[in-house]
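Note that the chains take the letters A, B, C, D and E in the order they are written out, and that residue 1 is the start of every chain.
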Amino acid sequence: MARVKLTDVTKQYDDVTAVDEMNLDLKDGEFICLVGPSGCGKSTTLETVAGLTKPTSGTITIGDREVTNLPPKDRGIAMVFQNIALFPHMDVYDNISFGLRLRNFPQDEMDERVDEAARVVRLQGMLDRMPSEMSGGQRQRVAIARAIVRDPDVFLMDEPLANLDAKLRVNMRTELQRLHKQLDTTIIYVTHNQAEAMTMSDRIAVLNKGELQQIAPPLTCYNQPANRFVAGFIGSPSMNFVDATVGDGTLDADGYSVSFDTTAIDGVAEGDAVEFGIRPEDLYLADNSGEAEDPSRTFSVTTDVLEPMGDEIFVYLKPILDTTDDGGMTDFEERQGLLMSVDPATDIREEEDVEVALDRARIHLFDSDTGDAISHGVVADADIEAEAERDGAQAD
Amino acid sequence: MSSGGDGILSRLATWTENLSEQAYAYLLLVPGFLVLLLFAFWPLASAIRMSFFADVITSASLGEFVGFQNYVRLLTNTNALAPAAFVDPSFETPILEQALFMTVLFAVLSVTGETLLGFLYAMLMKAEYKGRRLVRLLIILPWAIPIVIQGMIFFLLFRPGYGLLTEPLQQLGIFSSLPLNTTFDGFVIVTVADIWKTSAFMALLILAGLESVNQDLYEVADVMGASRWQRFRYITFPLVFPVLMVAMLFRTMGALRVYGIIESTTVGCSTVPSMTCLVTQMMFGSATQYGSAAAVSVLIAIVVGLFIMVYLGFIRRSNQSLGLA
Amino acid sequence: MSIDARNHEDAETFDGTGDESGGEPGDDENRSPIQRWADDWIRNPEKAYAVMLVFLGGVLLTTSLFPLYWLFNVAMAPPGQTDIPLIPATIDLSAFVQVFQQVPFARFMFNSLFYAFTVTVFVLLVASLAGYAFGRLEFRGKTPLLFALLVLSFFPPATLFIPLFRAFNQQVPMLGLFTLPVEIYGTPGAVVAPLSAFTMPLAIFILTTFYGQIPDGLEEAARVEGTTRLGALFRVIMPLSAPGVATAGILTFITVYTEFFFSFLMTGNSAAEWAPVVDGVIAFQTQYTVRYDLQAAASLIAIIPVAILVVVAQDKIISGLTQGALKE
Amino acid sequence: AGGGGGGGSDGSTTGSSGDEIGGTVTVFSGSAFVDSGIVDALHEAGVPDSVTIEMTVPPQDTGSKQQQLRTAINAEESDPDLVLTDNGWTIPFIVRDDLVNLEEEMDEEFISRVREEGVQSMIDTGTHPETGDLYSIPVFPDYPVITYRKDLLRNAGYGDSDFETWRSDPPTWAEFSTIVSEAMGGSDVQYGHLWQGNNYAGLACCTFNEFLTSMGGAFFGGQDNLFGPVGDRPVTLDSEESIDGIEAAVDIIHGTGSAPMDISGVSPQEVAGWIEPDTKSTFENGSAVTQRNWTYSIGGAVSAFEGTDMELGVMPLPAGPNGSWHAQGGWIMSMNPYTDNMASAKEVIKAWWEDSVLQHQFDAANYMPPKPELFGYVEESDTYGPYFEALQYSAENLIPRPTTSVWPNQRTIIASEVNSALRQEQSPQEAATAMQEQISAIEEQS
Amino acid sequence: MARVKLTDVTKQYDDVTAVDEMNLDLKDGEFICLVGPSGCGKSTTLETVAGLTKPTSGTITIGDREVTNLPPKDRGIAMVFQNIALFPHMDVYDNISFGLRLRNFPQDEMDERVDEAARVVRLQGMLDRMPSEMSGGQRQRVAIARAIVRDPDVFLMDEPLANLDAKLRVNMRTELQRLHKQLDTTIIYVTHNQAEAMTMSDRIAVLNKGELQQIAPPLTCYNQPANRFVAGFIGSPSMNFVDATVGDGTLDADGYSVSFDTTAIDGVAEGDAVEFGIRPEDLYLADNSGEAEDPSRTFSVTTDVLEPMGDEIFVYLKPILDTTDDGGMTDFEERQGLLMSVDPATDIREEEDVEVALDRARIHLFDSDTGDAISHGVVADADIEAEAERDGAQAD
């Protein structure tokens, strides 16, 4: 339970800047998730907090102490490592109790704590196994138990649930949240799992190339991403991005345009090149467009692949202008196709022409150059009638 | 222990924890290098100094300062008191009777033999089968035999008349009837004796290297389709390489300083004069030649140093880190 | 799962006790064992390989063990017999008893064991610190220091003897600065100190190599769990380098145990004066006679402690230690 | 030393304790002296009981012993107080003042007694070659003799009268080799004549020197120059006679007939690889007709032949044109100059020269007394009595060891060249030339 | 491209049966996902196929050859390992090209293939790094590249995407699918990620405790799980399970009952103890119950926690009979609470009383004892009027 503060932390390897001028200020007892693409510096950030690597510059404060130069053992942290790092020469019990033994806990308290930790990670009855005799998930659970058995001020967890199956993951998630509440510990948690980041954290810190992109509560990141990168990174499947130009009260993409009130938004002017983003769930088939908060007019596209997920179906819509098809060598996304999610009960087939609308209230506008967000949601143009007319004309 | 003591200890611990990596490294090196400084580096320096002073064969003291004269006489084979030629520039002395060449040849042969045999032994010690523990033990035992006894064994095997192997080998035309007195035969005997004893050293080190290779990598290689040889070539060897280099390095240094086995087999320094033979004879013989003995030591060190350079070159080239390259 | 496990199954089959799990029972009965083996090996080249290894090993072992066997033979021969037969005429173990009757052989052994043990413990400790620094830390002067270590071993130990002997015995000031306490000479200290210095470079190199190979992740985990850097060395890195530590230990131990030169010259000749075991062995030589039988018996007795050590240390050399520890 | 096994510890007290009788006197002796009762004999012969005498066992391999002593002395170690050294390598220690000049330290009367009573050749090896001062007291002399199988010679037609004659009038090398070969022919023994021809110190000082001298050759022009002066003496290893010496040694193995005497090859090739223990055990187990070895081998053979058909005979070494010559063996006693207990050590030296101690020494270890007047005691002994005459002849025809400070270097050359001639790797002429060249170089450099 | 067949494969460790009488028959070129809880034997199954471990009993056939006793190298497989296991002494290029070098590929072809593989896993420009200089995700991508660079008959992949971020994961997924199509290789793929299993595989094999539970196409597993285990395991969040008794045309749970036509289903009789399952997305707020295929009558519950995920909100409904609350020591699930997912736009708060209905067509019935599925979907009772009446009465 301690405040954690990173001030201008930079970590440079020979030719790579793993962490770049990072500023983070975590409140006491906050649960923060670090997310970002592979190699963006998440693990390195944790390592600087843990004291395993010294930042090239910058300072780190835990509680009231500046710890930049303190050794890990004096920082009051526990850590789950991405590479698990079990002690191969110790059995599970010894691995879990290692930190306690270092602190000369009495045997019975040690037993008690280890049992409790083993229960949390569901490893009861495996305490005398060696790491080499366990499955990948079991090993990872030992690593978690090793961290939670102690009573640190700060937990650092690097992908702790990566090898666990969905169900156990959900369970562990709940257990970790409960622990967090119960112990009131500050937790920095690296995950690649959106659901974890969304549900567990008080705030999400999104990193890219060593730089902090946004730090905000999960829904803020989801609904008001600070820039195109965050928008694309948060949410699975990812937001659709479309290059567009601001017209006269319209947003003109290749093949379709959306009308909106240019004047209601600061920082866009006619002729600007912008990028707009729309999440798959904010695209609607014409039939359901009523569900949208502010449906745009529909336009027609052809379905490509369907991916039924059980609780929804992902529909890949062919790019409006499918100029090239070089055998899948470029992404769907790069080709400006759209991904839509629909209810599994929907009657839809591949290679079918459909009419779709998008929810104008959920359109995100980004600056084409900087990628910074300009606006989240646009409002319909004042001249609604005109649009309705045009809509009607189009529909015919 | 009083709480005050704990306080000091923990303060000390904190102090060391906060040292920079550099300072911490130096701190860790202090105990070792202190011992080495007193009992190795200092006597070494004294000995090197000795090599620049004249021999006084009738006294334990050093003569006057003569610069490199001792070296010159050794390298030109003009020190009549030298028990054998260090090197004979005129090459009238047979190669095996020139300490330098004899020793180098010995080192090359014995280290090669020991490495090959050591690798085989190491594999044998590693594979799992019943009785492996016994085999490990048996392989290591020759190394545990005092050199005096090792010499005795080989002496008894090759002694004239009675030696178990003297006659058969003579009849095969490989050895003379007095192998311990013949330079070539004696050289072979000493080499074999050394290989026999010291392969265990190699084997042990290589085994340790083998054992510390992450076994998971073999699974990967297996699936990738590596044959046994390829597994060895691409995984075992490169991963054991650093250890192998350490082992070979030290064995080469040991072999280039060979002495005990020559005397203890009774082959003797006059039959097979190694470089260290010269040092010991000059230093402990009745006619002490401290200056020349020290000079030979320095020459040995130079020869060894040249070999080590070759090793370091290898290590560097193969991109393996020994910390040295 | 591991390679070993597979070999193990194979090996058991050679001992005739393994199960024939891979084979098809039924038709096995009416074929000759050789056919069965051949068949088995073709289907299972691992086995053929293992057999070859065992065979080769057998040949090697025989040649390498022959001298030991012969030593035993010598010990059985009557005193003064020069002609040692390949197979002893009689089993006569009296030499093994006489060894203890003629000289205080046990004390000789104790002396050497004491040297070996003390030096090994000391060297492992001190070399571990240095090995850790060399193997896992970056610092300026690393290469020159390592090289200095190597350079030490370039010189024949005899070179160092005279100065050391004077320092111990004549109070010649070390480094020109101070003299060693006179009490040291003639005590084990006069042997332990130089031998520690001579065995240390190899130990440092071995440990450097092994410590350097332990993945950082494990040390990091230990430190986060609350060890100091030094604590991580002793609690995680050393145990994980068990093969290396055990090897360095065995090598040091054996080197010191059989060491002749220094322990011989730095001590008196009698067992009570801390003479090493080698003194005990050569005590059976007189000017013109050698009791080969007693020397052989003494040598065989002398290697027993080493044998025990090897057996004990073997367990430390456990296979595949880092297995399951890390995702790399 | 005063403090027991310690070192030169008590520097300040050394002087005073050195003058007082007491403490411990350590003697670098040998296993034969340990537990031999000699300590009691010394006490009985006058060493005060306050002095503890300790006999220690140095490595008996001559080389190592020399090396250990050299180290101890170089290190100015106070232990041992007294050392028994081979008479063959003591002079280098003497000339370097590495031993106490007893002439200066001990009372004149004792020194002159030693000079009078002692075996002259032993006295010589303990005397400084230039000043003539006595540094070492003889402990026991050793003489080489030929032990032979009377039973085999009888079969070959020789008889007691021959045996009788040979005791004081040995056969020549030629005759000797004939006798041996005849004896061999009529029996199934494996070997004829055994001697020590290995490439080792003993070949240079002794066995080869015996051939050389009896054939009229010499290392340095003659017996007078054996102890020096180094550099100022002729090297005569390539003289005609010296080559004869090598040829004689080669012929007795190979019978090439190159030597001036007609010596047939009755020694096995193996002798070029053998030293004392080898020939001793071979002879004792009945595999050879004759053997050259030291005094102690008589005792060995006597007990080995006991209860067998074998009958032991002893004669001096065969003669060459220059007569029959025997290399001087034996040990002498000296004092460590760094001893811290000199007064007591002197008492030990004196006592050791007493008849009772020397007799005890002979009884307990078969070591000959170094006083000719005690030879009678030997003559009366059961073991040695019958062979005394031959021993006496040997003692009267001794060549001292050619010990100088450079002898250790020279002896390795001689041993190695002669040995290679014995193995026929080079001709006697080549060996002689090589020796001449290298020995001269050493002489010149010194 | 080969058929893979496991017949009665069992793998026993000392005290653990890791794989128990496994029978699998994979068609040529099939993409099969192995899923199951941590420690259920997935990796062990892969290892037996790879030849890294010999099954205690049973046979394995690849193509037409029985390979049970063949060494791995002769089986024509490539594998991505769960523990990644890069060669620490080789750089990325050498790691990837290792298998090619073993086969003496010419340098230029090797370069070409490595480049292509690096492109697929987005590691261009990192080919000369050492494994120790890479992030967790980067290492994993090297491991994948190392497998795909070769041209094996069978791919075995053990959690290949575990350390990747969501976006890269989706990209890699697409790439792997493309590779699969292109090379027509048989792929056995272990994953803990539902989306992967659902979208990539031709069939999913669900394992539990070493035993095969079901092997079927993804949607079959989702919609017609063979037993309670599969039902609970597939789908995230997990299906809700409720203990119930079969009444007279009703399914009676604690606090509410659903009417259905008992006679239409074989194997249930009045008075049977059954368990019924309903997925979160098949629960509807009364307002939206029209979206359900066959909505049941509504019943009232109280909301507990809300978890906004961005594209949906998970609503935890308090157990109808919340008899115990021992401080979160038992799971939500165990306490028979219900989880419902609703649209993010829904106006819902924690601790609110709401009316919910469930979709009768999506109810799964399981035998309480064996857990075997009895029926997927139930139909309304014939006496609809009576029900409607009762409904009306209730609604009042």
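Structural remarks
The definition used in the following text is that a residue touches a chain if its C-beta (ideal position, glycine included) is under 8 Å from a C-beta of that chain, and two chains touch if they have at least 3 such contacts.
Bear in mind the structure is a predicted one, so any value in this text is a computation, not a measurement.
Touching subunit B and subunit D at once are the following chains: C.
Using CA-based centroids throughout, the chain positioned farthest away from subunit A is D. When every chain is represented by the mean of its C-alpha atoms, the one lying closest to the mean of all protein C-alpha atoms is C. Ranked by C-beta contact pairs, the top interface belongs to chains B-C. Rounded to a whole number, the gap between the C-alpha centres of subunit A and subunit C is 56 angstrom. One finds 15 Å separating the Cα centroids of subunit B and subunit C.
Subunit A and subunit E have centres, each the mean of its CA atoms, that are 21 Å apart.
Distance between subunit D and subunit E, defined via averaged C-alpha coordinates, is recorded as 96 Å. Looking at subunit D, residues 71, 74, 278, 282 sit in touch with two or more other chains. Under the contact definition stated at the top, the residues of subunit A that touch 2 or more other chains are 71, 73, 82-83, 133-134.
Shown for subunit B are the residues that touch two or more other chains, namely 17, 161-162, 214, 216, 219, 284.
Residue ranges of subunit E in contact with subunit A, taken from their complex: 13, 35-39, 42-44, 82-83, 133-138, 140-141, 158-159, 162-171, 174, 178, 192-195, 198-199, 218-219, 222-223, 232-238, 279-281, 291, 293, 307-312, 314, 328, 331-332, 341, 343-345. Contact residues on subunit B toward subunit C in their complex (touch as defined above): 13, 16-17, 21-22, 24-26, 28-29, 31-33, 35-44, 46-47, 50, 117, 120-121, 123-124, 126-130, 133, 135-150, 152-154, 156-157, 161-162, 164, 196, 199, 201, 204-205, 207-209, 211-216, 218-219, 228, 242-243, 246, 249-250, 253, 257, 259-260, 275-276, 279-280, 283-284, 290, 293-294, 297-298, 300-302, 304-305, 308, 321-324. Across the complex, subunit A is touched by residues 1-2, 215, 217-218, 220-229, 231, 236, 239-240, 242, 320-328 of subunit C. Listed in rising order, the residues of subunit B touching subunit E in the complex are 214, 216-217, 219-227, 230, 234-235, 238-239, 320. Across the interface of their complex, subunit A is touched by residues 14, 17-18 of subunit B.
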